[in-house]
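Reviewing the structure listed below.
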Amino acid sequence: MKTTAAPARERSARPHKTAGRLPRRRIRLAGDATSLREARLLVGETLVNCPSDFRDAAVLLTGELVTNAVVHGGGWFLLQVDASPGRLRVEVTDAIALQPRLLALSGDREHGRGMAIVDALATRWGAEHIGSRKVVWFEICLER
Amino acid sequence: MDQSFKIEEVEMDGVPVVSASGEIDVATAPPLRDRLQALTTSGKSTVVVDLLGVTFLDSTALGVLVGALKRCREAEGDLPLVIREPRILKVFEITGLTGVFPIYESVREAVGSVK
Amino acid sequence: MKTTAAPARERSARPHKTAGRLPRRRIRLAGDATSLREARLLVGETLVNCPSDFRDAAVLLTGELVTNAVVHGGGWFLLQVDASPGRLRVEVTDAIALQPRLLALSGDREHGRGMAIVDALATRWGAEHIGSRKVVWFEICLER
Amino acid sequence: MDQSFKIEEVEMDGVPVVSASGEIDVATAPPLRDRLQALTTSGKSTVVVDLLGVTFLDSTALGVLVGALKRCREAEGDLPLVIREPRILKVFEITGLTGVFPIYESVREAVGSVK
């Protein structure tokens, strides 16, 4: 699942420093299994001036979607982060037509908690199919 | 293995204590799973898992801990966790696992709970 | 699953008559099991001046989503149709947290072809979760 | 039952022909399913289903036809369909069912195919 190709990074804007406010920023990261941690770092860095519970949730949820893209989605992913005042939208694209499934929580099963975490902490989330590509996304709003 | 993750193991009052630190995710979880599995295999039915040094943990980490808990309970033991950071505890809460694991605030308490 | 309440209809605009062009129009229909045919009629009527294969696909896909809302989604649904030049977006909201699943086609199974039809004919489709509500949607573009 | 849907049944050369007309969906499909099931139960292993008068058909209708086909094949018979409208045929095509059902353009051909 790992490739030696370095992840490509593009940043279209620098973050604005307004404490407690989301900077307007768009980040794309085309990555593979080795870029999971980098994906989380990018989101954490984008939200550096936001309340920590908001930032922690965004980082956790980004990690869950990227992990799924890597484990179930064929190993390759494209991460897009759109931060605008009060709202963060994270999109993870992979190349597998299968959808994420929200599994029922169980104290017994070893897997199947990722989308439940997304469902619990995101303001909204969804999946979108465009030909054979798929985008799984979530949004969190600062005022909840 | 990711530089950001470390496992240490000690024994306290005859109870093995595995201390994890750093970030536990799909990349770093396998050594933790292996270590816990090795302890059960070698006859330790109860293992304290100290997560005080953990700065990030996701659903993959939860899966590894649930798997280890199952094996310990099958051997009539347990898997007490040590967690203090609210951010880490929250991940257990939203997945309903605070009702599944015994959770303590210090290693001493966790070891003390083992009869 | 049937209720005696008549479905509520709101139309915020009359269709423009421009042959082969999609009229800009938004329709909402809050319905139950008995409104399936009405939902199809509303979409067909909205697209009355569009090419027939486009209209047929839109009507078929609307029926599939509404059927699912009625069968799997608890019987109640809200239909929203957004037609703009060149593009139709249909959203069906129901109150069940479970997601639609895209099942593999089989010549044997008696069910499980609805989302496959949506996947085959829609330009894009997806599902979105907002609290315990869920929106399943599709878009078709006139130029494909 | 929905006014927009009708079923008629005749026999041609000893073969039962069920003609459906109007719209087949989750609301109107049950009587079609019952009629086809009744024919198999009464010993008819092959039934021609004439869909020439059908103006709309969805995945629920496909499910009913696939169910009937299975029962006919189990009885070593078949379920030939009569379809001419490209719009109706398309629904079978995108679901891979044109390779599963024998499909004819007229009732006569469909009945003639039954030995």
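The chains carry the letters A, B, C and D, assigned in the order they are written, with residues numbered from 1 in each.
We adopt the following convention: contacts are C-beta pairs under 8 Å (C-beta built on N, C-alpha and C of every residue); 3 or more make two chains touch, one makes a residue touch a chain.
All values reported here derive from a predicted model rather than from experimental measurement.
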item: Centre-to-centre distance between chain C and chain B (centres being mean Cα positions), rounded to whole Å; value: 48
item: Geometric centre distance via CA averages, chain C-chain A, whole Å; value: 29
item: Whole-Å gap separating chain A and chain B, where each centre is the average of the chain's CA atoms; value: 26
item: Chain contact topology (line, ring, star, complete or other); value: line
item: Each pair of chains that touches, named by its two labels; value: A-B, A-C, C-D
item: Residues of chain C that touch chain D when the two form their complex; value: 33-34, 36-37, 40, 52-53, 56, 59-60, 63-64, 67, 70-71, 105, 107-111, 113-114, 116-117, 120-121
item: Chain C residues touching chain A - in the complex, by the definition given at the top; value: 97-99, 101-102, 119, 122-130, 135
item: Complex contacts: residues of chain D adjacent to chain C; value: 2, 4, 23, 25-27, 56, 58-60, 62-64, 66-67, 70, 87, 90-91, 94-97, 99-100
